[in-house]
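Below are two complexes that have chain A in common, paired first with chain B and then with chain C.
For the complex of A and B:
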């Protein structure tokens, strides 16, 4: 690895706040990758009549598999109680939070927010339709992170390609794209989202809807990246090492991929955490307005919306959603600051 | 001069100056305005001029980093000024360039091995093992240790970096190297080392140089012939010793009188030029040099002088009304 890069990484590690935030976020991502083992209404393990079952990632087991008299999916929490009462040595191990994000679990049979209760294992209470808030927060955060990473990848891919081409080829190509981008960025984003989602039929699957939302958001966000890429490419292109590459007969693609991009990318890294922050904020805001991820997808914005609507009767909803959002955004911002600080080439410059 | 390696005829490079919201071309920056020169195999032509006189532009036109506006560039008798990108790549092998600032001209993200190997990869020469061997060989030629291969340009001193640049430029066994002020960015003590290296390489590989500089003392050391450039035109050419001893053009005389002499007792009568170089966008009428010329006569502001045979040198040319 380039010793300059090593030095930058070392500097990043020295900035404790950012470094620990980074470790925390990586940990969070790893945990959410195996989230089904921690927050789920399927048992981790079922021991029934001497054989073991691991239903977490497997196909669903109807209740009849475990001697319950129904053909739909087993209610493992119920099964645990049944086994305990029978005392035959069969047992069920449930995850830490034995609820799914989409599951209504009301103690009274009426859907309404219920306060946090360790006894009922709703550690952060339930929301207006009696879904476990911790489960919804957990999966909501996971979706927000995945969504914003996918958003970042697409925005950068499009922005870098077009911006770099504008800067590298310049001339008429640059001029035309600049005007197109100016026109494009004047289309109001929110209206477009509202129109798009009122037009697409309700029969579309949720994953398709999420993909459409992602596409619309990316289409309205890539332009910002091109400004930066365009000027940076212009700057790098006029330097002598590019002339040196041209003089040995290097092709355009070789110059772009071997010379221009690696030199521009190092500063691009510093934008990434902030792009994630803005993506999380944007998706949360859209969810709050009701134009974001389709129901019943768990999301922070949707919880905030419920929470503000029931602020007096169920303050636990908004509290936990708010804290999660604050922690998440702060952590990513800390990382961003540390990255920017450690990648700053003017670290040792003194201004007088 | 038996055979001509490079022949430049009436070369012009006019950069359009764009103005207004519609970016219409209103004027041209005449950086190179009708230059003719020849370089023989194994010869060094020194090109001297002030900053902004177009000498680097001329060098870059010959290296075909720019497409000249008009005129012809013949390399070994073949016209190359109009070639497109694909046809150029074969010719790239023969003309290479050394740049002024080695920090700028070496990609700081690549190792020395990658930098020197790149020309060989681009020109499809040899396999990986052969190229690795060739890189070591080139490092040895320019006087750098073989262990430099895995290091990065910023780990070297200025002179060493310039050696890396030189190694890259000779990697393809070129016939002509355009040296664009290769020592201007270096310490004086390092300058002579690099100049001597260039002279040694020339002897060993029969290279021709177009040596661009603004320092006449440096050019004299290395050149067989010298061309003096002023505002996009050549004002005087000739054998380097003759020019140094018996300059004809007032501009050349001023440049020579400005060379510092390492002798405290010698009284020098300097012929100083006053004022700045006029803009190449709106050059003065008549002789380009007349507003600053200490000996300008009325004719100088009307007639454009042409290059004609110099009295001092049988092969020299000078463009001045006063020498006729």
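For the complex of A and C:
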């Protein structure tokens, strides 16, 4: 690895606040990747009549597989009780939080918010239709994170390519693209998302609809990146090493991606965490307004909305959603600050 | 309150209406003067069969005149006049016009349905007619005609007397193209064949069929002020956008009270012509009703709790039990009263409307399977906390016209699976959704325009999956949802059609094949292979049933009550067997919270009332307001009042 980069990384590690935030976030992403093992209404393991079942990632098991008289998905919490009562040695191991984000589970027989209770294993309580808040928060956060990472990748891919091309080729190409971007970035983003999303037919699967939402958001967000890339590339382009590369006969794409890009990387990297912050905020805001992820996808925005509507009667909804959002955004911001600081070449420069 | 057919019978119950602010009212100032007197007279002359002119001596002498004066008074003797009531509306009205674009919104009842007078109104206890603008009326079933004498005291709010001219002009107005209201044009052109003038206050109206409903189609009408619409022309929509039409009712809107986007005030006329009338004297007691725009329901409730609003609807369980529980300090201290009132009236048809023109949904077994896979019992028990009741047919609440024994199909996974299997859906895929031999999934879009009821759909979705049925929930805003069903784009839609206080249910609008396809059947009753789906009708199920068509036509033409009843039962059964509508729930009551000083009669409300304030029987007790506010400050309390009125249960 480039010694410069190693130095930067070392500096990043020295900034404790950012470094620990980074570890925390990576941990969170890793945990959420195996989320089905932690928060799920499917059992981790079922031992039934001598056979072992691992339903978490498999096809659904109808109740009849375990001697229950129905053909739909087994209720494993129920099964656990049945096995315990029977005492035949069969057992069920449930995940830490034995609820799915979509199921209604009420202890009182009516659907209404219930306060947090360790005894009922609703550690953060339930929402207005008795769905477990922890499960919804967990999967909502996972979707928000994945969504924002995908968002960042796409925004950068498009923004870098076009921005670099503008800076590198310059001239008429630059002029035309600048004007196009000016026009494009004047289209109000939020309204467009709302309009586009309202005409997507629900016949599409949820994942398709989320992908469309992502596409629309990317389409309206890549322009900001081009300005930075364009100026950076202009700067680098006039340097001697680029001229040298051209004389040797390197192709345009080789120059842009092999020579220019690594040298403007520090600008890029410092923006990344903030892009993620803005993506999480945007998706939460859209959900809050009811124009984001399709019902009943778990999401932070939807929980916030429920929470504000039940502020007096069920404060635990808004508290947990709000705290999650605050923690998430703070952590990403800390990382961003640390990255910016460690990539700043002027660490020891003193202005006079 | 005079019957406005379109609103009462055909409009979708609006759960959320898009917000809008008023447009510019410059048109009023700049528009050139018009006088349409000649045009109106020419129109009458050009349609001599419709508009007849006779003398009072031509009036038949053997008529039996009725006036409904034997009916009991409305409201309470204790009511006192005065005060300003504060109330919440969700959106600012987009227009003050009564007809035309944007006029059919949630503001209508304030200037039209609940505050205007027709010739006569249905008595909300006895169902018979009591007089309003009419002094008396006489039915002539043989000639399908109703004769009416107007009350000589009847006045428009600007002092102009109400005369036969206004009734004539009503037909000109609604039949004209200027008002841009096709439904009115159709109704007023097709449901009436003649109006005859006998003198300034006496006229008769003839209809194509004479229904056994006491002449309701005629005496439910309300006049249109001739003098106000002298400028009616092509620019009606703009010219009259923010003009308040003179009313025969007690409340007017003054120009200075229209604060666009934020509030609007109704002001009571001190010298209202009907203020001493038997049926009106105890109603419309509040001097001013200030309607404040508060878009957010949760926020509106907080405003009520603070006392900025005098009463609030608490129909949803979460408000009645959680947000304003009986143990709430304001309730326990007696500052806020809670009232629950059981009413009796036709019920809005909340349920799932399946579009039978879509693939799979055209299969009867699939439809019956869906019926059994829809767990309304659970929604009612857990979401509505057992307060609501299961709707059994699409025409509940019509008394003897509702089918006495028919029951909606219950949630039953085995029965659902059995019917899905008959339709070829036997295997389940990895997620438990049924698939047929071609690998096709048993999945449908379940859409709605009611954003506040999306929780219901997610509950249904979870339950349906047990029977191997997948619902893909789509929540749209009110306007988009309604557009979707009107264009018949939906698979299965959750909605309700509003219904008016009528004697018998209607079937033509929702179940006749004329409203599903162009030429649905060939001459011999077989399905026309070239038929085209018809948009913008209320046959949301695209139901076509040859026998049903015949029955509906007989039912519409029938003037025999017993025959109509028999036909209604038969049609309800056919519709049940067709299984394209999953009856949902109905609410057999309404319930409100109101500050102590906002008082209702001892019996609370009338039998057929649809909401607490429909008949304006409440009043403000100003002394009590002072007393309560002082008590609140001093920490003094009153006895809590939480009452259930179940006399009509």
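Please note the rule applied: the second predicted complex is superposed on the first by the 352 of 352 C-alpha atoms of A that agree within 3 Å, B and C clash if a C-alpha of one lies under 4 Å from a C-alpha of the other, contacts with A are read in each partner's own complex, and residues count from 1 in each chain.
In this text, contacts are C-beta pairs under 8 Å (C-beta built on N, C-alpha and C of every residue); 3 or more make two chains touch, one makes a residue touch a chain.
Just so we're clear, the structure is a prediction, and the values are computed from it rather than from any experiment.
With chain A superposed, do chain B and chain C clash or fit?
Superposition result for chain B and chain C: fit.
With both structures placed on chain A, which of the two partners, chain B or chain C, ends up touching more residues of chain A?
Comparing chain B with chain C, the partner touching more chain A residues is C.
Please indicate which partner A:3 is in contact with in the superposed arrangement: first for chain B, second for chain C, both, or neither.
first
Check whether A:241 is in contact with chain B, with chain C, with both or with neither, and answer first, second, both or neither.
first
Once the two structures are overlaid on A, work out the angle chain B-chain A-chain C from the Cα centres, in steps of 10 degrees.
Apex at chain A; the opening toward chain B and chain C is 130 degrees.
For A:59 in the superposed arrangement: first (chain B), second (chain C), both or neither?
second
First (chain B), second (chain C), both or neither: which does A:263 touch?
In the superposition, A:263 touches chain B alone.
Would you check which partner chain A:254 touches, where first means chain B only, second means chain C only, and both and neither mean what they say?
In the superposition, A:254 contacts chain B only.
Which of the two partners, first being chain B and second being chain C, lies in contact with A:129: first, second, both, or neither?
Second partner only, chain C.
Rounded to a whole Å, what is the shortest Cα gap between chain B and chain C in the overlaid structures?
Minimum over all C-alpha pairs of chain B and chain C: 39 Å.
Write out the stretch or stretches of chain A touching chain B in their complex.
Within the complex, chain A touches chain B at residues 2-4, 175, 239-241, 243-251, 254, 258-259, 262-263.
Under the stated contact criterion, what part of chain C meets chain A in this complex?
Where chain C meets chain A, its residues are 297-298, 317-318, 321-323, 381-383, 385-386, 413, 417, 428, 430-432, 445, 447, 451, 454-455, 457-459, 461-462, 465-468, 472-477, 480, 491.
If we count contacts the way the header does, which residues on chain A are in touch with chain C in the complex?
Interface residues on chain A, with respect to chain C: 59-60, 62, 70-73, 102-104, 106, 109-113, 128-130, 198, 201-203, 205-206, 290, 294-296, 308-314.
Give the list of chain B residues in touch with chain A in this complex.
Counting only chain B, the residues touching chain A are 23, 60, 63, 65, 88-89, 92-93, 95-97, 99-101, 104-110, 118-119, 122-123, 152, 154-155, 165, 168, 172.
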